[in-house]
Structure formats: C-alpha cells, structure tokens
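Which chain is which? They are A, B, C, D, E and F, in the order written, and residues in each are numbered from 1.
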Amino acid sequence: MKKVLVLAAHPDDAVSTMGGTIRNFVKAGHQVTVFAFGNGDEDYREPGGREEAIRRYKANALKSYSILEATLDCLWLPDFEVFQTRELYQACIGAIRKYQPDIVFAHYWGEYFQHTGMATISRDAWNQAQWACSADLGKPWAPAKYYHFCGRDGLGQTTHVVDITDSFEEKLEAVKAFSFEFGEAYELDNSLRIENAYVGNKIGVKYAEAFQRSFYFPEKVLDSEALF
Amino acid sequence: MKKVLVLAAHPDDAVSTMGGTIRNFVKAGHQVTVFAFGNGDEDYREPGGREEAIRRYKANALKSYSILEATLDCLWLPDFEVFQTRELYQACIGAIRKYQPDIVFAHYWGEYFQHTGMATISRDAWNQAQWACSADLGKPWAPAKYYHFCGRDGLGQTTHVVDITDSFEEKLEAVKAFSFEFGEAYELDNSLRIENAYVGNKIGVKYAEAFQRSFYFPEKVLDSEALF
Amino acid sequence: MKKVLVLAAHPDDAVSTMGGTIRNFVKAGHQVTVFAFGNGDEDYREPGGREEAIRRYKANALKSYSILEATLDCLWLPDFEVFQTRELYQACIGAIRKYQPDIVFAHYWGEYFQHTGMATISRDAWNQAQWACSADLGKPWAPAKYYHFCGRDGLGQTTHVVDITDSFEEKLEAVKAFSFEFGEAYELDNSLRIENAYVGNKIGVKYAEAFQRSFYFPEKVLDSEALF
Amino acid sequence: MKKVLVLAAHPDDAVSTMGGTIRNFVKAGHQVTVFAFGNGDEDYREPGGREEAIRRYKANALKSYSILEATLDCLWLPDFEVFQTRELYQACIGAIRKYQPDIVFAHYWGEYFQHTGMATISRDAWNQAQWACSADLGKPWAPAKYYHFCGRDGLGQTTHVVDITDSFEEKLEAVKAFSFEFGEAYELDNSLRIENAYVGNKIGVKYAEAFQRSFYFPEKVLDSEALF
Amino acid sequence: MKKVLVLAAHPDDAVSTMGGTIRNFVKAGHQVTVFAFGNGDEDYREPGGREEAIRRYKANALKSYSILEATLDCLWLPDFEVFQTRELYQACIGAIRKYQPDIVFAHYWGEYFQHTGMATISRDAWNQAQWACSADLGKPWAPAKYYHFCGRDGLGQTTHVVDITDSFEEKLEAVKAFSFEFGEAYELDNSLRIENAYVGNKIGVKYAEAFQRSFYFPEKVLDSEALF
Amino acid sequence: MKKVLVLAAHPDDAVSTMGGTIRNFVKAGHQVTVFAFGNGDEDYREPGGREEAIRRYKANALKSYSILEATLDCLWLPDFEVFQTRELYQACIGAIRKYQPDIVFAHYWGEYFQHTGMATISRDAWNQAQWACSADLGKPWAPAKYYHFCGRDGLGQTTHVVDITDSFEEKLEAVKAFSFEFGEAYELDNSLRIENAYVGNKIGVKYAEAFQRSFYFPEKVLDSEALF
C-alpha cells in the first residue's frame, strides 16, 4: 500500500480534475488523502444564503468522498480566504509531514488567483517539508514525486495521461455530488464525458485525465538503466 | 541489450555533452550509435587548411569513438551545411528506422542556429519515423523515450541528472581526442571537471550529466502504478 | 446608451491611460463609471503631509472626473493597501454586478505589484461575477467584452488602437487636474502629446490610445459571418 | 458574397482543422479558396510507392474539396520541400493578391517544422501583399482579417470558437476522403467527433472549431462604438 | 567611497549568493549595508525550538557579517511573514532613502514565493524611492544601478560575472557561520567551491558570482561614447 | 578613433533604425561600416520594374550613406534571398574579421522572417568570428560589445536609449533618400519625428533611438568597481 496526498484549494477541485485517478489508486489498495481549504461559502444564489451554502457544501463533499473512498481533510476556510499566507504555507508543510505520502498532487499555475496561489505554496511546501526545520510541523518528509492536476486553463505541458476508463462512472457520480455548485445550466454529465474522452483519445483509451510531473527537483539517475 | 541512438550535428557534440552516459550504456552492454552530420571543415587556423581539417577531424572522431566503444555513423557534410533541409530530415527519419533504438538523444533549442535546427528536425523525425509513411526510409519505428542532451546554453528544464562518476575519466579521454578543435586556450581537463562536478553536486555525486526528457508525446499511463 | 465600467487601482490611472476613450464614450451618450481604490495618501513631499495629500488628491480627482463627465466610485483606501484581498476581490465582483456594464476595462500585467495585482483580481472578478454565486454581491452579470488599458510597461499585445483625436484636449485637461501627483519635473503636456501621437501614428491619426482585448473567454461564433 | 483564402502546407490540413467553417462559408454563399503546397508524396507504405502516393493523394484531395465545394489551388511540391524559400514566399504574396480575400486563414506556430515555417511566411506575406511593391506578383491587396486555424499542437490562445454543428457531418465526409493518409489505425470518425465536441463544449454547442485571430496589425478603431 | 545596499529576505541569502562581491567592495573601501527581514525562526530541528532558533540565527548572522565587515540592518520578522505587504514595501523604500546607495542588489524572480515576493517589492521600491512622494520615508533617492543576485533557481539572464577569487575564502568562512542552517548533510565547503568555480570557469577565473543587471529603467546615453 | 560595424538585411534598415546614432559616431570621429545584403529588387510598382528598382535602390542607398558619411558594403542580393545559408553566415563572420569593429549592431528577433533570420546568424557570427577557426575568412576577432537596433516590432527589452537630438535632422535627410521605398502614403517626416520623439521622451531629450545590448556573453567583471 502506498500513500497519495492531494493538495487542493477546495474539495471539489480534486474530484473534478483527478477523481478517476484517485479511484484507480483506491481500488489498487492505496491510501488517498485530499487536504483542502475552502468551505464553499460563496456558492449561494439568494442573499443571506452563506451559512446554508457552507452546510450544503460540507454535506456534498462528504458524499463525494465517500463515493471515492478517499479521505478528506479540510480546513473549511471562507472561499476567498485561500491565500498565500504564513498559516496556509505551514498547513501544507504540516500535511505533507503528517501524511508522509509517496507522491503529491497539486494545482498548476492556471485559472484564478486562488488556484495559482495554491500552486505556488504547494510546490514550495513540497520543497520545505523535506528540510530539517520547522520541527513543530512534524518530522521532515520527502515525497518521491509531485504532479500537477489539470484545471480549466490547462497545463504548461502534459507529461502523463492516465487511463480512467474503468473508474470514470464512479468519478462522474462523485462529481455529481457537487452538482449544485457546478450550476444547473452546466450539463455536468455530458461535459465531463466529453472532456475526459478528449484526453483519452490522445492515448487511445475511452476516458483519461492529464497531469504534469514537476521536475523542480530533477530525477536523480544513479543507474543509467532508469533512462529506458 | 538495448539500443540507444544519438542524433548530433557534429560527432564531438555527443561526446562532450553525454560521453559519460554513453560509456555507462556501453559498459552495461547496450549498443550506442551516434548519427551525425558535420565534417569539421571549419576547424582550421591557417588559410587553405580546410582539407587538412577534415582529415584531422575524422581521425580525431574515430579515436574518440573507439575510446567510448560507441558506433559513429556520420554523413561528413561541410560544417555550415547542417540545415533544416529535406535531405537531412529524411536522413534522421532513416536513421531512427534503421537503428530501431529504444531511446533517442538529441540537441535542445539552444546555442547557435545549426544546433537549434537539429533540435527541431530530430524531434519531428522522432514523430514522423513512427508513421506508416515514407517506406523507402525503412519500416515505421517508435522509440519509447526521447531526451535532449545539454549544450552550452542549457536546457529549458533539467528533468534527469545522470551519475557519470565511474565513467568520467573515460569521457575526459574521449573529449581530449578533440583537443585541437576545442583550442589550446581552453583548459579542457579543468573545464570539463568543473562542469560535470557542478551538475553532480545537484544530486550529491562527484560527476554527472544533465538531460531533459521530451514529453512532446506524453507518457501513456495505462496502469496508475506507473505514477509512483 | 451603453454602460462602461473601468476598474482602476487609483482614479488617475484611468484618466491617463484611457481618458480619451472615456470622453469618446461620454460624448456618444454612454455611461462611464470608474471604480477605483487608492486615495493618493503617498503623494506628499514634506513629512507629515499625508492627510493633506488625501484631501488634495480627492479634490483633484473630482475635478478631473467632472471634466471627463464620468462617474468616479472610489473606496479611498491607503495607496499601498491595494492588494489581492478577499475584500477587494468581493468589491470588484460587486461593482460589476451593480453597474451591469456592457464592457469592462482594467489594468494589464505590467508595472508595479499593485497594478499587477489589480489586473489579476479584475480578470477573475469578470469571471466570477457571471456565476450563480455570492448573491450578497448582487445578481450575476456577464459583461460582453473585456479590455486591458495600457500602462507604463505596455501590453502583451495591442489588439485595438482607438482614435482619440477629437477628445485629446479634454483628456489633457483631465490629466492636468492631477499635475501635482505627476510632479513638476514631468512635462505633462508635452509627454502626453508625444505618447498619444506615437500610438496614433500606428493607425494614421493624430492621437490614439492602445488596448488589449482579453480572450480569456473566447468569442462564441454562432454565425460564421461574424468572422468577417 | 465574400472571399476567403486559406494558406495551408498540404490540402488535408485545411480540411481537418477548419472543414466545418469552410462549409459554413460555402453554404452562406461565400467563395473559399485553399492555396496549398504539398503533394502527399511521403504517404506510401511500401518501398517505391512514391508515384502512386502522389496520384492517390491528388485524387483524394479532389474528392474532399468537391465535398466541401471549395476551390483547391495546389503547387503539388514534394511534401518535405515545403520550406521558407523565396519561391514559396512569393507564391503566398501572389495568392493573396490574385484571390483578393476579405479574410485569410493560415497555420499557427505549432507542430512540425514545415507547419511552423508556413505560419511565418503566411503572416509575413499578409503584411507584404499590401505594400506597393513586387508588382509582378499582382496589385497590392490588404485582407481585413487574419486567423490561425488550430493544428495538433493547439494555439497560443483561442480567440474565436466557431459553431460547426450543422456542417460537421459534411466535414467528416471530406476528412474521410483522406482516410488512407490518416492511417487505418487511427479511428478517424470517432476522433474527429471527440475533438470537435470538446471544442464545442466550450461554447455550449455540439461541434465547433477553434481559431486565433492575429492582431499583428491591431484593429483600427476610428469610432469607439466598435469596442462594444 | 561608494555605498552599496543589498535587499534580502534573510541575512544568509546575501552572504551565500554575493558574499564574495560584498568582500570585494569592502576591501576596496566601499560601504555595504544588507537590509533584511527574516529571523530564522523556522530553523529548528526539535519541537519547541523556535526561540532558540531565533537566538542562534541572530548570533550566526552577527558573526557572518563581522567576517564580511558589512553592516546588517535586519527587521527580524518571522521567516514565513516576509510578504508583499504595505509595511515591507515602505521599509524597502525607507531603506533606499536612508542609506542613499550608489547601487542596489536584490533577489531575482526564482526560488520560493518569499524570494519572488522580495524581488518584486525591491524592484518597485527602487522605482518609487526616487519619486517626490511618501516624504515620511525620507528624501527621494535614485540609485544609479540595480542588480539581481543569483539564487538556487538561477537568473533569467546572467549579464555580469564578478571575479571573487581573492575573496572566496572569506566568503566561505562567512557562509560557514550559517552552517547549522544549511544542515549537516549539506557539504557546504565542497558545494560552494564547486558552484563558484563553475561560474568562474565562464570567465576564466577560479571563483566568481553571477548577476543580472536590471534595465527596468534603460541606460540613458547622452554621449554615444558610452556605448563602447 | 573606434570602429563600428552594423549588420543589416538591407541598407535602409540601418538608416531608419539607428541613423542618428551612426551620425553621432561619425561626428565623434569614429569609423562606421554597414554590411548589408538586399538589393531592393522587390521595390517596384509596375510589372517588369525589377531592374529599375535595383538601379534606383542602389542610387538611393549611395545618397543616403553619403549623407551619413558612413561606409556601405553591400552584397546586393535579391531581397527575398536573404536567408540563413552557409554563404551568408560565412559573409557575416568574414565582415566582422575584416572590419575588426569595437562594437557590432544587428537586427533583433522581431519583424518578418528575413530580419529574424539575420538576427540569428549575426549573433552566431559574433560568437564564431572570435574562435580560432575558418581561417580563410580572416583572423579571429572579438568585438567587445554587441547591440540590437530596434525595428518595427520592438525589442525584448530596451537596455540603452541614445540621445540623437543633434543628429536627428541629418538622419531624417538620410532616411528621405529612401522615400520611394517607404512609399508616398507614408508620411515619413512626421512619422520619424513622432517615433524618435517617443523614445526621446523616455529619457527627457527631444529625439532618441533605442537599443538592446546582448549579454549572450556576460560582462566579465575582473574589478568590482566596474559594477558602479
């Protein structure tokens, strides 16, 4: 069993971008934890609906993650308070040290400013978590690999395309748990099929998800066989 | 035994940038072929010395590759005729199909226009060689991986750093076969030690070489275990 | 009559970069609102002059906007407190929903960090304002087009050059209302003439202003005639 | 009736990337000409098949363009001879002056070196064709707008997404005329549906094609109303 | 005697990146001040060690700067509180005005988010410090030149390489004062020799440091002789 | 007396982009040589006018350079044959070695493909000319500095702005020698005044020209005083 950690601004970000890959991991017996921040408090359509939005978003998130059979660890901060702050940076370092993942997934520098901010502090936390410092946040931990999942604005470069054909329907169900948040006007079922089929077509499978591996720390090749 | 193909503008380019990795492969029992173009005819220091330059460069190249124990297949074109032409493009496709390599190494988009031109046609030939077309150039062949070696102007991003500590002295000897071409003023021994030590220091070994894997074709992940 | 909204860090930013285009709109009978943040409190030349600076800056701004005949809606925050915060982000979404503009103008990613920060939250607010969310900030509103005006550091690409020949003198007068802030050493009259003449020369008119249309949301072409 | 000119490396490039938009134009009564260069002589699967490849490719192209009801004007050069040469540059200028199009479509800087080369000389020819020079190539002509169509490697930025729902089946038929060239292994029907559905989903229609308008020459706005 | 100001996130940043150049300046009789922010409070390896870390870091910094014979002016803020804030921006402007340097050195946009943030506010403070504004922060001051020093992630472009051969051993000693912070596992002596030798090799000296001059304000050439 | 070499695609390129700076050099007693390639054979407005165009262009060029009092050394190649070829590359190396300039000026990577191609081979020739090679092209020569002049599409970054106020009228006269080539529709006098005034305004002078110094080879700083 291996451990996977996903750092996401909001719980639904991880589900819509890599829910199929999460399911693949879970079904293979690995442990997947999503560490997230936002509480969905801006997802309300009538004035005064903020509290109800938080309550509903939490319920939807719990339902979604029970479908994925992944662990959700969320700070439930106000949606627009997910920033590059000392507290969030320390929280990311702490999460990496607590969950001791083999690999980490996080946002890429695209989309709106909160997701871009998360991409930066997640990458820096990956770096800092492995130093002998900040001992109150746990013992140093160095995840072996780090990938960016693919949001609305794409990736600088796709390095890995993961076949999720066998997990797609479960992903779809998990995304639908957030159907209120995606909005009625958005044809969630059809859109998700089209997007994951488009990625799948690039590698000749029915459905897939795209990722970019980070080489911020290059691969150490001590045995040249690893190049094949 | 696996097969490695290096596409290089000039025979010495492959030796100075990745001679250590070539030696690693050869010592592990793999077959390495360097397919190159230029004949060194500009490396002369007195007027009228072009013919002598070609003769000397060929002799130096043979000596260098016998040290590496790698195969050199060179078209011996005039140095400044290495361009993006129909003929060179077909030659690159033909070489990939003839040698059927498991992995290919080539220039990156840096340095002067000939190396940049080679980076482009090598990458495109990697693509085109696998299509069912141009049958006169051989049967379609799809190398599994493609790396850029690192010239004077660096790489866009280093993805792999290869330990060449055990092969460094042999690489140095092979590079010294071209000592005329590098020029007397250039302290070859010292410079090469410094450069490969600098790269080695990034992964905690004595000497190393840097590469950038190309994800122009992303990695197909049919089993998510491959992400670990 | 159409509605135009300009999102600017400081009231003078909108006047100096697009005062001519604002006048064009006003003279054509459209309604122009500039939503801004900073109070000019750093524009003082003697210690202890902060309060006087705020008073003067407000007076200058009112004079300038009365020349333009545009509406100024300013939060009058300290100059160096114009940041990417939850409050400013919500304020931008709220302004778009309140004024329901046909088109929006905002900063580009250039110049100093406050203008760059404004470029980001303005663009994201344009996105978020049209979703069915954050109902306390008003009803969803989707402006049809979005342009960046051109500050000191230029635009990534100029897509539109607007003839302001007939409005230039009025723009100049409106900019001169801020002559204290621009400083005595700066020959405002001459500089503005040169800058707008330089842009005008690109399209063969006497004076012009440059803009970059944002295609963060591409143009939906339901009838191909729209391509002509 | 308006005139549309497409500059393409090979006849099939225009069909697969913008065949739906071409059909939209034709059905609306506009005249569409595709000016192309390559003769498909590399599309052969058995040694010695070059002549047969040319013959077949021409036949396929004629069939495809008769489905589109667009005019094909092709130089039928060897596939790998489509370069940045004096001859091809003059040919592009000449085509723009001969066909006097209202709008031009051409490659973007992506994909392999021939398509990238075409992107450059097409853009420069658009510029040069409007100058009072090179009179042997025809009278100066200035197309009003210029778009890049979208190849395998995407666009720098999509500025326009064109609904082709009503023309998709005709486009598919026209692309299938080149089914030999695309190869048996490639599931053409399914792939094209997925790709155009993916683009269509971005604007809420069934099938669409993506374009990037070039602002190498910015839009001249003599009347500010044009900004709405 | 000239005045040099270095703006650094943490006191050790200036020593490890440009300690040799600082020593060169000091030995030539110039005055060097490093204005820094962080207090090293994250450099502890056992829970509860934060206070001891601050105490040790300050002692190490004092020792290091006494070796360099440069002045350290540090705000001793918590390490992860070095952000783009109104206070830090004003502090940078104030430092430039207080020390009235001939040249300024600062971070480049690389490495983790705090160093990137410092690169931005330092550059903007260089700009703002010379305006007739914010008089409480001192009289306007315009340093003649501005350079970025080179951190872990390199520079966009190296414009200047400075020979530090004669100051290298003193730099090494000053860096070693921070050996706790760099960590035992890191072979500081060897690594620093390799890194500065690598840069030195580019200009044919034993040890050197790399810099990028900022041309955010281009050089005013009133006499063309200055171009030689 | 110092020596200046300008490498330009066409003789008029050097005059319109840096004629003022050339005059500054000449008046200060320096020797300026412009090494160019194109013969203006595309500048004709009636069919069959190519020969007359060449004759007129040469006459105009001679007149222009006699105004500048600079030396023109031109290969008079057909306009559209100015490419990245072995011959042009060798010609550039040869010119640098023959004229032994203290500084070199050349195109930047902007504008159409011929100017971009010249930017590349000029930069590479600057590199290669200093090596001990290609002795038939002359003895090795290393110009101390290298600048890009500024064409229609601007520079990546302006590093130097040169005051040409005292030489502007002479530059204007020299540019007007090419008034046929610029075309009647183009108000040459007015446009040049506006463009050079725009650049001049950036440094507070009446007229100026912009340049970008190339740091492809960084500045060697053997004495740190050179940083002031």
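Odds and ends about this structure:
Simple rule for what comes next: a residue touches a chain if its C-beta (ideal position, glycine included) is under 8 Å from a C-beta of that chain, and two chains touch if they have at least 3 such contacts.
All values reported here derive from a predicted model rather than from experimental measurement.
Of all residue numbers used where chain B meets chain F, under half belong to both copies. The two sides are thus made of different residues.
Taking each chain's centre as the mean of its C-alpha atoms, the one that lies farthest from the centre of chain D is E. Chain B and chain D, compared by their mean Cα positions, are separated by 36 Å. The distance from the centre of chain E to the centre of chain F, with each centre set as the mean of the Cα atoms, comes to 38 Å. Shared interface positions of chain F, defined as residues touching 2 or more other chains, are absent. Viewed as a contact network, the protein chains fit none of the simple shapes, being neither a path, a ring, a star nor fully connected.
Inter-chain contacts occur between A-B, A-C, A-D, A-E, B-D, B-E, B-F, C-D, C-E, C-F, D-F, E-F. Of all residues in chain F, those touching chain E in their complex are 2, 21, 24-25, 28, 102-103, 144-145, 147, 157-163, 202-205, 210-211, 215, 218-225, 227-228. Those residues of chain C that touch chain E in the complex are listed here as 42-50, 78, 80-81, 83, 112-113, 183, 185.
Listing the residues of chain A that touch chain D in their complex gives 190-191, 194-195, 197-198, 201.
Looking at the complex, you find that chain A touches chain E at residues 84-86, 89-90, 120-121, 124, 127-128, 131-136.
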